[in-house]
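Read from first to last, the chains carry the letters A, B, C and D; within each, the first residue is number 1.
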Amino acid sequence: MIIVLRPESTEAQIQHILERIAELGFKPHISRGELRTIIGVIGDESKLRAEPLQAIPGVEQVLQILKPYKLASREMRREDTTVEVGDPATGVKPVRIGGGSLLMIAGPCAIESAEVLETIAGQVKAAGANLLRGGAFKPRTSPYAFQGLGEKGLQILREVGHKHGMPVVTEVMDPRQVDVVHRYADMFQIGARNMQNFDLLKEVGMTRKPVLLKRGMSATVKDLLMSAEYILSEGNPNVVLCERGIKSFEDSTRNMLDLSAVPNVKGLSHLPIIVDPSHATGRPDLIPSMACAALAAGADGVHIEVHSCPEKALSDGPQALLPSQYSALLKQLRRIADLMGKTF
Amino acid sequence: MIIVLRPESTEAQIQHILERIAELGFKPHISRGELRTIIGVIGDESKLRAEPLQAIPGVEQVLQILKPYKLASREMRREDTTVEVGDPATGVKPVRIGGGSLLMIAGPCAIESAEVLETIAGQVKAAGANLLRGGAFKPRTSPYAFQGLGEKGLQILREVGHKHGMPVVTEVMDPRQVDVVHRYADMFQIGARNMQNFDLLKEVGMTRKPVLLKRGMSATVKDLLMSAEYILSEGNPNVVLCERGIKSFEDSTRNMLDLSAVPNVKGLSHLPIIVDPSHATGRPDLIPSMACAALAAGADGVHIEVHSCPEKALSDGPQALLPSQYSALLKQLRRIADLMGKTF
Amino acid sequence: MIIVLRPESTEAQIQHILERIAELGFKPHISRGELRTIIGVIGDESKLRAEPLQAIPGVEQVLQILKPYKLASREMRREDTTVEVGDPATGVKPVRIGGGSLLMIAGPCAIESAEVLETIAGQVKAAGANLLRGGAFKPRTSPYAFQGLGEKGLQILREVGHKHGMPVVTEVMDPRQVDVVHRYADMFQIGARNMQNFDLLKEVGMTRKPVLLKRGMSATVKDLLMSAEYILSEGNPNVVLCERGIKSFEDSTRNMLDLSAVPNVKGLSHLPIIVDPSHATGRPDLIPSMACAALAAGADGVHIEVHSCPEKALSDGPQALLPSQYSALLKQLRRIADLMGKTF
Amino acid sequence: MIIVLRPESTEAQIQHILERIAELGFKPHISRGELRTIIGVIGDESKLRAEPLQAIPGVEQVLQILKPYKLASREMRREDTTVEVGDPATGVKPVRIGGGSLLMIAGPCAIESAEVLETIAGQVKAAGANLLRGGAFKPRTSPYAFQGLGEKGLQILREVGHKHGMPVVTEVMDPRQVDVVHRYADMFQIGARNMQNFDLLKEVGMTRKPVLLKRGMSATVKDLLMSAEYILSEGNPNVVLCERGIKSFEDSTRNMLDLSAVPNVKGLSHLPIIVDPSHATGRPDLIPSMACAALAAGADGVHIEVHSCPEKALSDGPQALLPSQYSALLKQLRRIADLMGKTF
C-alpha cells in the first residue's frame, strides 16, 4: 500500500501517520520527493485495507497495490477451475463446465406450466443444450407483473429437466428460499440485482451446490470477483460467473454486453465464466451474433432464453429465441467451439 | 400504448396483431401512414404492459404512454406526502418530513460501541440533526471487512438515540432481519445495493414503519419509483426516497450525485426525497457544497455521515465529516432552509 | 410522429396544437383515451422533427417513429455497401471492404520515423494486414505530449505503405488539414473525439476518398449513424464505421467495447463496420480475444495497433501488440474468417 | 511515479526496467515486498509520463502521483482567477467573473433574426443577465437541421448585445471561424462536442479573448482541466469552465448534471466555473432548481437558454425558459447569491 501525502502536509502530520502505521503493526518506508512525500507500507495489505488511512489529515491518496480478493484470484490457483453441475444420485448425468467443456444453458425466462416447459425442454435438448433453466421466483421491476410459480414451478422444472436428462438451474432471490431451491435445483442462480445481496451470497456459500453468479448492472469486474469471494470464503468452491450486460447510455440495447470481461476475468481468476446475450441485449436479432462472439472471446458457455411462443410468454418474451432459432445458433456455436478446441 | 409496425410487415401479420389485441380485451385503432403503420391500443395500459407484444412478428416497437407506477405517482396524489418518523410511545418526539419540514439524518457509518456513538450523537444533536443513523448490519463489498455488531448494535443505537431525543434509522439487508430491526429502529433503511431486492421491499411494505429507500447505483428515477411502488402496494405509505449517487465514468468521486433527481421526483411523485452527499461523493471536501446544493434544489433533507475520529472508524471513515464540520455546515443549511421557506 | 398530451391539458391548448400542426402542413389525427389524449401526425417526419413541438404548452412527450438518418439507413439500400480503399493510379492494388472482404488495418499509433515504420510495415504485411495505419496529426489529451510529425509523417506513411503494396489510412483532425491528408492518404480517419466535429465531417464529405469514421466515446449507435449521414449527405458514399469503445464505469479497461454495435449497425445500415480492440481495451492481453470476437460478431475487419518496440513508442505504446503477437492473432482470425465465409 | 511489478517478473526484467529509468535520466528506488516489488521514480513526472513504461515486460501497473496539468492547477496559483469579458473600447462595460462576481449568461440557443434577439435581449437584461449568448454556427446532430446564420448572425448578436450594454458570447466550431468570431464576440464558446478538438483549443489559446470551455459529455473533470491546459499553454489565461452534463444511463434527462464538479474543480484549479442547467437537463421544469443548486454549490454563474417563443425556436426550443420564467428565477438566484456573499 502506498500513501501519498498532500504537498502542504506538516511534519507533525507525517509523524502522526508514521506512528499510526507502526501502531497497526506495519513498517512504513518514507520517501521524500521534490513535489510529494510518499510512504510505502510493507505487510499484509488485506488487514491494512480495513483502516481508514485516507481519513488521516495530510493524506492525499491511498494507492492499493494488491487485489482485494484472494480465493477467487488466479494467484491463488493457476489452473482453471472446473465445476460439475448435477447429482449422479438423481440419475441424471452431471454436466462439467470449464477446462474445455462448455455450459449451454437454455430455457424460458419463467416456468409457466409443465406443458410449455416440456415442449421447450425437448427442443433445446435436441439442439444441444445441456442445462435447463426456468424461473420460479422472479425478480420483476413491477409489483404488478407475474412473480413466478414458486415451489410448484421448482417441481415442474426438476421433473421436466431430469426427464430429458438435463440438470436444472433456477434463481434464488431470498435467503429464506435457499432450502427449497436446494431441494429441487442442481445449480443456484444469483441474479444481477442480487449480486451484492451479501446475506444471500453467504447462504448459498454455506451449501456445496454450484452457483451461477451474474454480474450486477453497476458492478465492475472487481466487484463481481469480490462477490464470488463471499461465496468462496464460506466454503463453496463451485462458482460460475456470468457476464450479462451493464448499464450504459446506449439506449438501443437493454444493457451493454461487456465481452472484454471474459478474457479480463480469465486473467484475474481461475473461475469459469459464461455469457448471457439474452438479458444483455434484450434483442433476438442480436443474440446469435453475441453468442458466437462470446465463444470466440473464450467464454465457457452461453445462457440463452428460449420460448416456443414468445408472444405468449409470461415474462421477457420479446427477448426469447424460438427453438428453431436456437437450434440454428447451436450449429454455428459448435463450429466455433471446435475452432477453440472446446466441446459441448 | 402504441404499436409501430415494421415497414415490411405483411397484411397477415397485421391481422394477427389486431386479433391478439382484441383477444386480450383491448380495442385497436389502426393508422396506415406512408412509411409506417401504427396501431393505437385503448384500455388499461397496466394490464397490457405484461403482454409481450414486442415479440409478435411484424412489430418494430411498442411505445408506452403511461407511467408504470401508480401509487407513487403525482397523479394519484397531488399534494406532497409527509411522513412521521418515531413512536410517541417511546417518549421521543417524532420527526416529520415533507411539507416544509426537513429530515437531518446524521451519525456514523457503523455502530462501533456505545461510547463512540454517544459522543457523536451528542454532537450532531447539538448541531441540529433530528434523526440518528448507524449501521448494525453492514453491506460490505469484501467478506473480510467489518460486518457490523448485529442486534447488539441495534440496542446501542436505540438507547443512545432515544437518550438524546432522536428517533433512529438503520439498514435492513435481509428479510429475516426485518423483525429484529423493527423492534429497535424507528425507520428502516433499504440500501442502494438492495433497492431491487424485491422480497425485502415486500417485507418492509407489510409493516407500517417508515422506510428510507436509497436509489440503486444503476437505477433510473423510474426504477426508484417502481421500487417505492413495491412498498406502497403492500400497504405501507411511509416511504422516503434518497438520492445517493449513481455509477458513472467520472473517477474522482465515488459516485455521481444526481441532484436533478430531486425536482424530477417531485414532478413525478408525491413522496419526500432527501439527499446523501456522503455516499454520493465519498469526499468530505465536497460534502458541504453538495448538501447546500441539495436543499437549494428542493430536497426534503440530507443524510450525512459524521464520525468523531474518522481515521479510526471501522467503516467508511474517509467519507465522514467531523462533528465540528457538521456543525458549521448546519449553520449554512439553516440559512438556505430559511430562504426556501423550510425548517429543521 | 406521435404527440402525447398532458392529462391536465386544456381544450384551448389542444386546439392550438392542432392548428400549429396544420399550419406546418401536416395532418393531425386526434385520439382521446381515458387517461391521455394522443395526436398522430402523418407526413414527412424529417421536416417535422425540426419543430419544437415539445415546447408547446400541454404537450407531455413527442414520440418519433422514423429514424432521423436516411442515406445511412438499411431502408435506403438493402444490400451491403462495399468500399474500395486505394487508387490504382498509385500502382498499389486497392483493398475492398464489405461483402465478405475484411479490412485488416495495422500499424503504429504514431508515425515516428521511416525506419521504425518500415520495420513494422514489413511485418504486418507479412502477417496478412492489408491497410497500413499511422498518425501524423495526433489528438493528445496533454498539450505536452508528442503531437505527431505532420506532413513529413504523411510522406513517410505513403512511401512506406505503397512500397509494401498497402494503401494507407491516417487521422485528420482539422478541416485545414483535409487537403494535405488527401494528397498522401488513401483513406481519412475521423477519430472518436471528432465524431461530432461537423465542419470536419462536411469537409471530408466533399471529397470522394473513403472515410473511416470512429464512434465517439459518448455516442450512441444512432449518433454514429447521424455523423455518417453528414458525410453521405455531402456526396461521399465511401464511409466505413468503426466501433472503438465507449465510456463506462468499468475502470479496468480503457473504454467499454460495444460489440453488439456490430450486428446492431448491420440491421440499421448498409455501411461496413470494423472494430478497434486496441483503443477499446487499451490492454494487449485482451486485444486478441476481442479481435476474434469481433469477427465472430460479423465485423468487416479489425484495426489493431502494432509496434516493434512498444516500450519506446512515442504514443500509446502500452496498448500495441508486438509484430509476433499480431502474426499469431492473424492466423486465428483467418480461421474465424473462413468459418464466417469471409476472406482477407 | 510508482511502478508495480508483476509477481512473476524476473530479475532480468527488473534490471531492464531499472536501466531504462536511468537511461531516461531518472533515479529509481526499488522496494521488494513479500508479494510485490515496487519501483519509485523520483524526478519530473511530466517528462516521464510520456514514456510507455507500462509496455515494458514485467510491469503490472504504473501509478501516477502528480496531476498531469500544471497551469490550470491550484498548486500553480493559490488565489482564484478572475476573468473580464468585454472590451471597454466597444463602449460596453466589461463583466467580471470570479472572486464573488457571477456571470449570468442568457439568450436563445440560435440567433434567428435581429427582431427575435432584440426582444429576448431586452428581457434578459432587465431580469439581470450580464452576458448575451446566441449561436451563429450551430453543431447540430442532424445535417438536415438549421445550421445557423453564420457571420450575419454574429453581426446581429454584437449589435443587439452592445445596444443593451451586454458583452456577447458565441460558439466557435472550426479553427477557420476563429478570426471572424474574434471580430464580433467578446468571448469564445467551445462547445461540449469540441472540448477535445485540440486544434481549435490551440487556435483560441493564441488569442487573448476569454474562452468559455464546456465540459465534454464523456469527459472527466481531469479531462476538462487538460483541455483548459491546452488553451492556457498557448498563452491565453482567460478561461472559464462550464459544467453542462455528462452521459449516463438515466433517460429522463438529456444529460446528467454533475454539480459535484463545481467544488471538485475549485479544489483542483484556480479557474472560474459556471453551470449550464439548460443543456444538462433539457427540461425547463428542472432548470430553475438546478440553477439554484449550482449557485449554492459555489458556481461562478449560470448559463441559461431563454426564448420568447420556444415553440417557434429554430433550435432547442423545448429546453428554453420563457423570459418571465427567467426573470422569476433571477429573483431567487439573487437571494442565494447574497447568502453566498456574491453578486451579479
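Going forward, a residue touches a chain if its C-beta (ideal position, glycine included) is under 8 Å from a C-beta of that chain, and two chains touch if they have at least 3 such contacts.
Keep in mind that this is a model prediction, so the values were computed, not measured.
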Relative to chain A, which chain has the most distant C-alpha mean position? D
Result of counting contacting C-beta pairs for C-D and B-C, higher pair: C-D
Chain-centre distance (mean CA atoms) for chain C and chain D, in whole Å, is 26
Can you check how far apart chain B and chain C are, centre to centre, with Cα atoms defining each centre and the answer in Å? 39
For chain D, residues contacting two or more additional chains: 218, 246-249, 251
Interface residues, chain D side, partner chain A - complex: 2, 4, 7, 29, 31, 33-36, 38, 40, 42, 45, 63, 65-66, 75, 247-249, 251
Chain D partner, complex, touching residues on chain C are 20, 46, 49-50, 52-56, 68-69, 139-146, 173-176, 193-194, 196-200, 202, 216-218, 223, 226, 229-230, 233-234, 246-247, 310-314, 316-318, 320
So in the complex, which bits of chain C are touching chain A? 218, 220-222, 246, 248-253, 256-260, 262-264, 267, 280-281, 285-286, 289-290, 292-298, 335-336, 339
